[in-house]
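Got a structure for you, questions after.
Labels run A, B, C and D following the written order; every chain starts at residue 1.
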């Protein structure tokens, strides 16, 4: 299959379940909501070495937030146990500390909820108040009062949706990956947790040589090793590969993001081949076929 | 003492020692170096709840980096033990994974160094190479090759330099704090680790009411509690307070940043009073007097 | 009438007809489309002294553009004669010259069209091609080939929709205006042509003292002149006023943007009064009442 | 000559004289100074079709501006007659109208000065005041008071410094050009006036086929025409060319910017050849040799 002359591999992305929490951050301007969201979703690329995976989902216009202020939605993804801890810590350290912020539950119809009891920070001066129909706590702080909901819906979502953008050279692959990341940036229900939404160094589980490593370079996807390893997955003429990794609230959202991303990458000159990563079903139950998501 | 009609309190910021590592990140463009740096310094506002404190120090022009590409310097601050772990994790998860990055030791003349052995990720395909006079490891990855030094100088720096920007209303204090943050943004040797460089919710150690809390709101600095608590530190007419917290490689750098920040904040209309936080010497040995740093 | 404690004046914005052209700019990434759009809409705040009024309307996702690449829509507003000249010049100088751009007609169902014949730049090497169902010219240039439609729909739109954000001090009014600008930023069919979407120095027609001036400061809206001029429009306690000026493709779009902007500004602490500018019907036929647009 | 394996052509950029005005814009934050500067330097890529050439030179820290606020310096370049008109219009329409701005003369030791009498806008309410040792006019406006100097030094500078970044494909050339633009972005005394600092469609004077055109595509530098035109300047294997055009206050500054830009572009993988544009001395008296500026 081809799009704009780019071969789309007949394969699938293998994804796995994760728990997902969606937090709506509002602030006095979009810029301040974004700054808080960026800090709160940092150091959260991969569950392999970070305490969670997190990213900015989308802006939410003031007309659609509970308090009528500009908003940004973030997704935080982890195991259920880790998720609660990470939502608490990231809200406490990165959003409560940020100028003019408020936080609201982003999945109001979730069956499961986690408590995020920041109000103890108020040391007894906190009080309850309804904002936009939401039951919130108000905490006196230095810049005035912080407002936040303290129950957040969580859902069983999908992590590890992915595709590989392969280029005739590094810059073609990079801009192709960036176009894909742009296409996904405002889509609902999904995030790309890596820097700029792009992975430069995909890994395999464990290591052949260093037994103490939990992950190591995926040599079959390394262009410079194409002639040195058996079973290289690098097609002839490919000099660089970037992976777009997508987490989302459900399989449908992840599939839609994959489709939009693949199409956008294929429009960039010098992108030659698009594939996806899977592990024969050992990683997870979701199979997102490239030819179907388009 | 007054600057531009703003009262500068006759007090000092109390700061304490921390270990600091400086990492130079380069990439194909400044934008990509910034994206990696932002991810690597996220979730790192305060050592109270984050695994470290970190931030972007400054851009480094291509003409001054070891590999002749655009660079960004970051500082990571923590206890010596935590520091090594955090530098390793943040480089591995947030920079090695980012497009086109390389990393270099940012304090070449430090007496102490920490090893950051990312080359094991190469699973045997890695090799050594000199880049700009630096002994680096080259790791084959999906986008080509990652280049990085693996020894990083660390120095005993200063954490917790600070000042309070107080305004006649919240927006005056906020823009005043932002002007201060702008003034510090490109200064050498310092970072402001909070979102946008600004703290909205300063804390005290422990809690009077909730014994399980390690920190809680500093009620003496809460404008809405001015009439409700004894010994409020909020001057008459002040409606909002923001704190600028500065970490740096040495006392001199932190003092210079405090001076530049205070002066800049004082130029913003509606800023009325600037003070600083201290704890009677129980927190740390450094006393940075507001009247002296100016 | 009040919103969030802010008085909404019982008055109207007086607006007037203008011709509007909508251009869709696409590029290899959103960033490059934005850079071209920013240059093409610069020096275009007010028809009083600029050759046209122009601004960025909104991003258009790759899935919705004729060539499947990230897009940005801009509006250019002027008299019919000036409009053609300005669209030609701005496309020729600011978009044709920008990396990887293409341009498409943004109002395909307009009754009137203007020709924008850039293909002569091809000096005979240009040729025609259909892209996304659009009849385009392809011009060989240094970075490859430029693609562009050459007929652009124009409609009789509305210029000068406006409201005033008044604050208890300058920073409150400024952030209020910024929140308004944020709220309007992604709305369809409208632009705010001034820097950051905000006017700091509204004018009146002509000058009382300097007869050679076509416009001068509107002293009735100057807070520092409140006690010095008769009939000051500045309410008691107001220290700063910002005006949001909106141009759009029709009255409905401008009214919607005014409504969203006023609501957003009213959420910012320290904003006290919101009004609008009119000239007793001498300026134009549209009366956009503040109480109705909400 | 080679840098990092990239051939540097043994040729020169031919540049010509222009008059240059340097304006320092300050505002309450760097962000607001940048917004005003961006608007004021828009629609100013090339004197061929724009009323002037203009761009942002660099940020100026608050500690170095006359009023102690964050600043941005811009350069405006044109013939002496056009220059005065353009400085007046751009300051009046794009900076006086922007929130919280002030303007100061950026070349205080220039032998020649142009008057920029915005104070008539004050309609008699304006007054004089010294700010940071500068004689300024203060104009009452809606957001408070605008402050500005009204005499601006102008110098005979250099326009048209340039080099071509040629790549094995379009994305390599584009990122190479961006790296060059990044390297020049903060250098003193120079601007790159095109979108993102990069020209995608260099032109020749006049047109062979269409006599009414003052400029048309430079077919000798069009990669897609390499086999179709005689004397193509496109080396074998080159698929895209971007030009960096530099204006500056003197020859030395332009040469330094060319050198930094060429070096930075040569570090980007896929960039293959760097050349420069000249016209046998018919355009202007300055010859900036590529091998000497490095």
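Convention: a residue touches a chain if its C-beta (ideal position, glycine included) is under 8 Å from a C-beta of that chain, and two chains touch if they have at least 3 such contacts.
Computed from a predicted model, the values in this text were never measured in an experiment.
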Shared interface partners, meaning chains that touch chain A and chain B: C, D
Most widely separated chain from chain C, with each centre as the mean of CA atoms: B
Between C-D and B-C, the pair with more C-beta contacts: C-D
Where chain B and chain C are represented by their mean Cα positions, the distance between them in whole Å: 39
Between chain A and chain C, centroid-to-centroid distance (C-alpha), Å: 34
Cα-centroid distance, chain C relative to chain D, in whole angstrom: 25
For chain D, residues contacting two or more additional chains: 28, 31, 144, 170-171, 174-175, 268-269
Complex contact set, residues of chain D against chain B: 4, 28-31, 59, 61-63, 67-70, 144, 175, 178-179, 182-183, 185-186, 260, 263-264, 267-269
Residue ranges of chain C touching chain D (in the complex, touch as defined): 28, 32, 35-36, 38-46, 48-51, 89-90, 92-101, 120-125, 139-146, 164, 170-171, 173-174, 177, 194-196, 198-203, 207-210, 212-213, 215-219, 221-225, 228, 239-243
Chain C - residues contacting chain B, complex: 31, 167-172, 174-176, 268-270
